[in-house]
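In the two complexes below, chain A is the common chain; its partner is chain B in one and chain C in the other.
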Partner chain A sequence: MMRLPWFNYRSPKSVAEAARILAAEGRDAMLIAGGTDLLPNMKRRQQTPATLVSLRQVGGLKDVVNGRGLTLGAGLTLSEVVNTPALKDSCGYRALHQAAAQVASPHLRNMGTLGGNLCLDTRCLYYNQNEDWRRAIDFCMKCNGETCWVATSSKRCMAVSSTDTAPALISLGAKVRLVSAAGDRELELNDLYQNDGTEYLTRQPDEILTAVSLPDLSGWKSTYWKLRRRGSFDFPILGVAAAVRAAPDGTVLDARIVLGAVSSRPLMTEAGGLLLGGKLTDEAIAAAGKKATSAAKPLDNTDLDLYWRKDVVSSFVGYALREIRGDDMSATRLRIMRQL
Partner chain B sequence: MSVVTDKEVQRRVHMTLQVNGEEIEVSFAPYKTLLEVLREDLGLTGTKHGCELGECGACAVLIDGEPLLSCLTLAVECEGRAIETIEGLAQGTQLHPLQEAFADLGGAQCGYCTPGAVMTAKALLDKEPSPTSQQIKEAMSGNLCRCTGYQQIVESVEKAATCCRSAERGAA
Partner chain C sequence: MSAKRPLEVVGQPRRRVDARAKVTGQTLFADDLSMPRMLHCKLLRSPHPHAIIEAIDISRAAAYPGVKLVLTGKDFPVPFGIMPVSQDEYPLAPERVRYVGDSVAAVIARDEKTAEEALLLIEVTYRALPTISSPEEGLAQPMPRIHDYGEQGNIHRNQSYEFGDVEAALANSDHVFEDLFFYEGDTHMALEQQASLASIDGDGKLTLATSAQNPHYLHRQLSLVLQMPASQIRVIAVQNGGGFGGKCDPAGHEMVVSKAALMLGRPVKICLTRQEVFYQHRGRHPVLMKFRTGVTKDGKLTAMHLQTLLDGGAYGSHGPASTFYTGVLTPVTYELPRFKFDACRVFTNKPACGPKRGHGTPQPRFGQEVQLDKIAEKLGLDPAEMRLNMATKANSLTSNWLGIGSNGLAECIRQVVERSGWKDKHGKLPEGRGIGIAASTYMCGAGVSIYWNKMPHSGVQLLLDRSGQVTVFCGATEVGQGSDDVLASIIAEVLGISTSQIRCVTGDTGITPIDLGSYSSRVTIMMGNAAMQAASRVRELITAAVIEPLETTPEQVVMSQGRVFAADDPNKGMSFVEAVVLAETKFGTLGTVGNYSPPKPPGKFKGSGVGPSPAYSFSACVVETEVDVATGLIHIEKVWIAHDIGQSINPVHVRGQVIGGVYMGLGEALMEEQVFRRLPAKLSNALVHKIPSLLEYKTLTSADMPEVEVMLIEEPDPNCPFGAKEAGQGPLLPVMPAVANAIWDAVGVRIDEVPITPDKVLRALKLKRAGKNPRVGPEYFPDVPYPEPVFVLPPGEGGDGKESKKLESMPANSLAEVSTS
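== the complex of A and B ==
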């Protein structure tokens, strides 16, 4: 039986109060929202904060503001995100709806939050193990050790970014608001991440991610495709988010293709640039798939075969772009989602 | 039996939890999950202790009507929230239609996943009295079962939905 370690529990009522507690406690404190990522890590002693600052009673974190663009409170559960009418009914925001709907399992989506999924700890077969298992290999670079066991000569930790919503939101041009006792800042979601499995966020320990804002995406179409072994529970071993704005004749005016789970951060590829000025022909889609594949750097630290996971990037980019083009991809989607 | 240290006694939290419609005062160490408090402090051992990491659904209970995992819910965060467990489902000796259907149709075999599965199904039927089999599969996709192959679970939920609907018609 795995018990949680001791911690001090704080339950502030406002963002300002939570920020003051974080500023006073320093790196020994961590925020807890849904707890679905942090509590398993604490049970396995991967993370052992002295103080947990709960966001459950903090007001305003579930606000949805639908005006020019859309702002979502970071405390919305993933189920609440899925059920947000402005997401369900929009072609532009569809990638976020699809990504949130495919996170983990229904129970975990009822608990886990949007902000939590964006800050999700990176994952690795050498890290997501209990303490005895990790001690047996003398731990790893991400926690208590010195070696990255998946790439032993690596100077940095290679744990994998496993969030579904981040690739989707980056493809949609999202920004996030970070609040600390010293002030607020807004930054592009793409800039929240860096390619290091340990220091994967540019968020400071005293900052609270309070909201995600999306631009007005009328005229855009977006989609998210997820690869995992089972149709439920599993983290992505590949995520492809694509967002395209096209002229009425089909000429691509803007395109972003973002990969998840093939790096220590969500990966904005250059494949979108290849599509600009042309139409989504089979040839253009194949070229974009090839470009995206060259950017993907999966390692042997998640489920399924490493080389196969790289090979299928091109297929998944193809599924996404063909769906945006208007092809009927529903049967393929059901097969990929393991729902047939 | 766990050993209770002085430090643990001093730092215990005291609160009132609302479980199956009853207000219960309880004191426990703040690191305890709702699952641990239900089983160890309240003696409600119907909720099962599976993977402890959110990967199986055996510990599912309803909190304010939503199926959640009690192994990943801090008990200190449950004050003022309505908790429903498998123990609250039967009315005296009268089983809930879901319990009857799971027993009749082989939805429960070894039974370990059953409390979590039944509570998850109850949340579905409370919201959607006539679910399609696809809706049932989706709602139950967070409850692993190693015995049934799932088909009997889906059939059990379908049968219970029919029973609940005819009972309501009868009552009306």
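== the complex of A and C ==
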């Protein structure tokens, strides 16, 4: 089997202690929560931290605070997120519930955490390979190499943001809390990401993502649609998160449409803006779909044909908005995603 | 002789004999094995697709703490290969690497991690060579040759057979249809990665416990490579976690750990990573096909000219057989008076292709069945009716001299048509919904051994003693297909006992009689017949021992439900154990053997050895699908499949095999592909497997599996034990074309290649909307220098099965309308 490289393992009991260790170890240390992404990457030598700082025994990371809005501890497993009643039963937060329920497979959701999924390493078929495979192509820009093989003239790495929960949470206007030895800060989740496959997070190496807070979304409806080859396991090759607040007559007051897996970061599109002040008519939905499509820039570094992946953005935006409008999309949802 | 009675074990749905151990995790697979003082082996693999090895420096690796031995190609001067005509592999490449992943050195160390670390210290100097990524490139670029043997340039095998004058028949046909198809390569995806443990017995003999489907062939090859008498080697085929053909070839890593164990005198183990399994491969050949098929206006075949071009990968493997199999079974399903097939296999710088479930036949089956759908469409015939009207008959000979015994094809078609509601659905479902049909056949065991010999194909030995225990020994190999259960069932049936009274000892060349292995769907038939013979011989001994105490005649003795009694007076009887005691008292220690050799094939021409089988199974499949016209996404609603099993030994088990075949078939139809990437030539020489991982090589998950309705057709075949035919491979075959035909019925597009992915469907839909030919598939067939055909007259034209001279055909004035569909 593939073996892990050697590493030191630290197991702090508090966020403060973890932050102190991170500050002392510098860039050679990495946080580990569920490990479902990091450990396979370490086996493939994409990441070889000298020290792993485990969040498993850190207290408080699984707290759920339900007041004005909702705060979720970053250490909640994805299964725990799926089973959080405040998410399941709310129209406003539904996108997060649906996104978390579609990450990987049941086993991986039992281990993987919300914070881990938000910080998920970007993915690329030239990168997510064993070390000797990558040696055969002389490595790539993201790790040990020079060239971005999917776009050889590119100055930056084009690896793909593959998190499901981030597009959903961005559409919901989530903020995240980052704690370091020097202090803590809160920022819009949308600002946690930048469009660079290597430096895809604005989080500093000594910062710990401890919590996700959601605003009160009464009056909102949200949904998440995921495209992947199979009904389980697979990372998204397109994620569409949509959140809409409408007046009682259906006039759209607020709308956010966020795409996943078509860029190195979750993409807040301008499609939501098109919907403001109107109703979710077929024409408005088609226009939003077209707008979202123009933002999507899939490349040949993940599953299925890249042109096709762009072609279907509009359909998936349509599914999401029609569902929010109140159309019964359950048959389509079941056919495409194998779950409701 | 003893009295007839109804079947008690055979045909009954039962828990298979190895089920409990497998479900509770007690089964030991090769990687579960561990021995005291065991060392671990890792292989260094080539990062180059094609290169000369100029130098290897192992000194730093050999000196690394914990390393016990480093081996290179120099340690293995003798080549091997599963087929006698393709001895082109070395355990470690001596002077040349031929694909990314070819192994060049091995480190044996105290643990896997140490071995892995030491691999990085081996310094290899390579000189890169031009690479070949496809058969088209291989044909265009004869130099440099990947191997210095073969037909010419980079052509490994090239052949042509003609049964009757095909051109004349095509010229006299009402229609001639010409179609191109492409079948992408795919791999086996057995869940168990190959593992092997070699150890040395106290007396110096070698034992290799390994994941292998064919321990007998491996045994022979080990003897050859290690230059050691076969009697000093014991190969144990450990319970396999799936094979599907991927563990049929002897593998380099098995030779490496054996050699290392011999040199070090300590047990040495290796377990391949998933990536290495993709490199070992031996999976489905990518095949480009051209069909020219003549038909009468009422939908009967007149002749077919089939041309195939196979992408062989870097080594021979089973390739010579695979090449034949892209043609030979084509005439078995429908009456085809004349048949010609040309086949060519080209070497490329990719992992070697070989046998995968259906071995070489799913590709032409896909093309043939999709083309038939097009023909039916053109002629305005119902595709199911058309197939039914030309289905081959029992006890017939095909144009290429294959003898069909029992034949349930027509019944298979009738059943799927009825159960699926075909007549109310085909052509009648709303846009986006469709239904498709296809049928197929497969062999029940290859009629000829892989190496030439006149000895039995399967041997079974039975040992009984006064405790009543029955131990059966056979070289057949459990790969998850249930061969142990078949073996126990057949013995139990003959002796009138339950399978729980039988202990199976199988797949061990040191203690079991030879069986050629788990390939070509041969085990039930060949092992089964051998087991029946061995068990019948024991039954005769027991019968002879009990007639006196029972005061009856041999004809009256019944063995049933653990008892032995007289048919005319069932109260006169005894337990099976008491009967065995009487037999052991009368005859001494009780043991019998049985064996089986298949009948001589009817064809007598050179090359007629590939295709003949003691029996053929048949299948028919209907698939209902829903296709989204906006995205091309395909959803399989339901699959109906009928399989002509002859007689189920264990129907639970047969259904499992059939559903497993459908599962694999849907994977091949919709997503599986072993494909490669060539990087921009200006920047890199790389030619790598695109996705050698369990995550990115897509197979269906349980969430993607539709409902499958299975119908078993039981028309016992006289050549088979209790009439039982195969189920391991046949039911896969009709699935892929049935999917393609269902998609046509749903949205009116033809995808003439697999996998059928949503992007291809959408592309075809866009062509349709633009008023163009709504088809995605190969556009041209390259100029292949096929040889002059071996000409054989078909049985219907007075042939004798031997090669003959082709009579000069009249220059036919073709009246045929050539339709390119």
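By our rule, the second predicted complex is superposed on the first by the 337 of 340 C-alpha atoms of A that agree within 3 Å, B and C clash if a C-alpha of one lies under 4 Å from a C-alpha of the other, contacts with A are read in each partner's own complex, and residues count from 1 in each chain.
Just so it is clear, a contact is a pair of C-beta atoms (placed from the backbone, for glycine too) under 8 Å apart; a residue touches a chain by one contact, two chains touch by 3 or more.
Since this is a predicted model, take the numbers as computed values, not measurements.
Taking the superposition as given, does A:Y9 touch the first partner, chain B, the second, chain C, both, or neither?
first
Between chain B (first) and chain C (second), which does A:D303 come into contact with in this model arrangement: first, second, both, or neither?
second
So in the superposed three-chain picture, is A:L125 touching just chain B, just chain C, both, or none of them (first/second/both/neither)?
So A:L125 only meets chain C here.
Identify the partner contact of A:T147: answer first if only chain B is touched, second if only chain C is, both if each is, neither if none is.
Second partner only.
State whether A:D184 touches chain B only (first), chain C only (second), both chains, or neither.
Neither: A:D184 stays clear of chain B and chain C.
Identify the partner contact of A:R335: answer first if only chain B is touched, second if only chain C is, both if each is, neither if none is.
The answer is second: A:R335 touches chain C but not chain B.
Go through the superposed model and pick first if A:W133 touches only chain B, second if only chain C, both, or neither.
Once the two structures are laid over each other on A, A:W133 reaches chain C alone.
Tell me which partner A:V312 touches in the superposition: chain B (first), chain C (second), both or neither.
second
Figure out whether A:D28 sits in contact with chain B (first) or chain C (second), or with both, or with neither.
neither
For chain A, which residues belong to both interfaces, chain B and chain C?
Comparing the two interfaces on chain A, one with chain B and one with chain C, the shared residues are 1-3, 231-233, 339.
Can you name the residues of chain C that touch chain A in the complex?
45, 47-48, 100, 112-113, 116, 271, 273, 275, 626, 628, 630-633, 635, 671, 679-680, 683-684, 686, 688-693, 695-696, 698, 700-704, 757-759, 762-763
Of all residues in chain A, which touch chain B in the complex?
1-7, 9, 11, 32, 35-36, 39-40, 43-44, 52, 54, 56, 79, 104-108, 110-111, 231-233, 339
What residues of chain B sit close enough to touch chain A in their complex?
Within the complex, chain B contacts chain A at residues 11, 13, 29-33, 36, 49, 52-55, 57, 60, 66-69, 72-74, 76-77, 120, 137-139, 141-142, 144.
Mind pulling up the chain A residues that touch chain C in the complex?
Those residues of chain A that touch chain C are 1-3, 125, 128-130, 132-133, 135-138, 147, 149, 152, 229-234, 303-305, 307-308, 311-312, 315, 335-336, 338-339.
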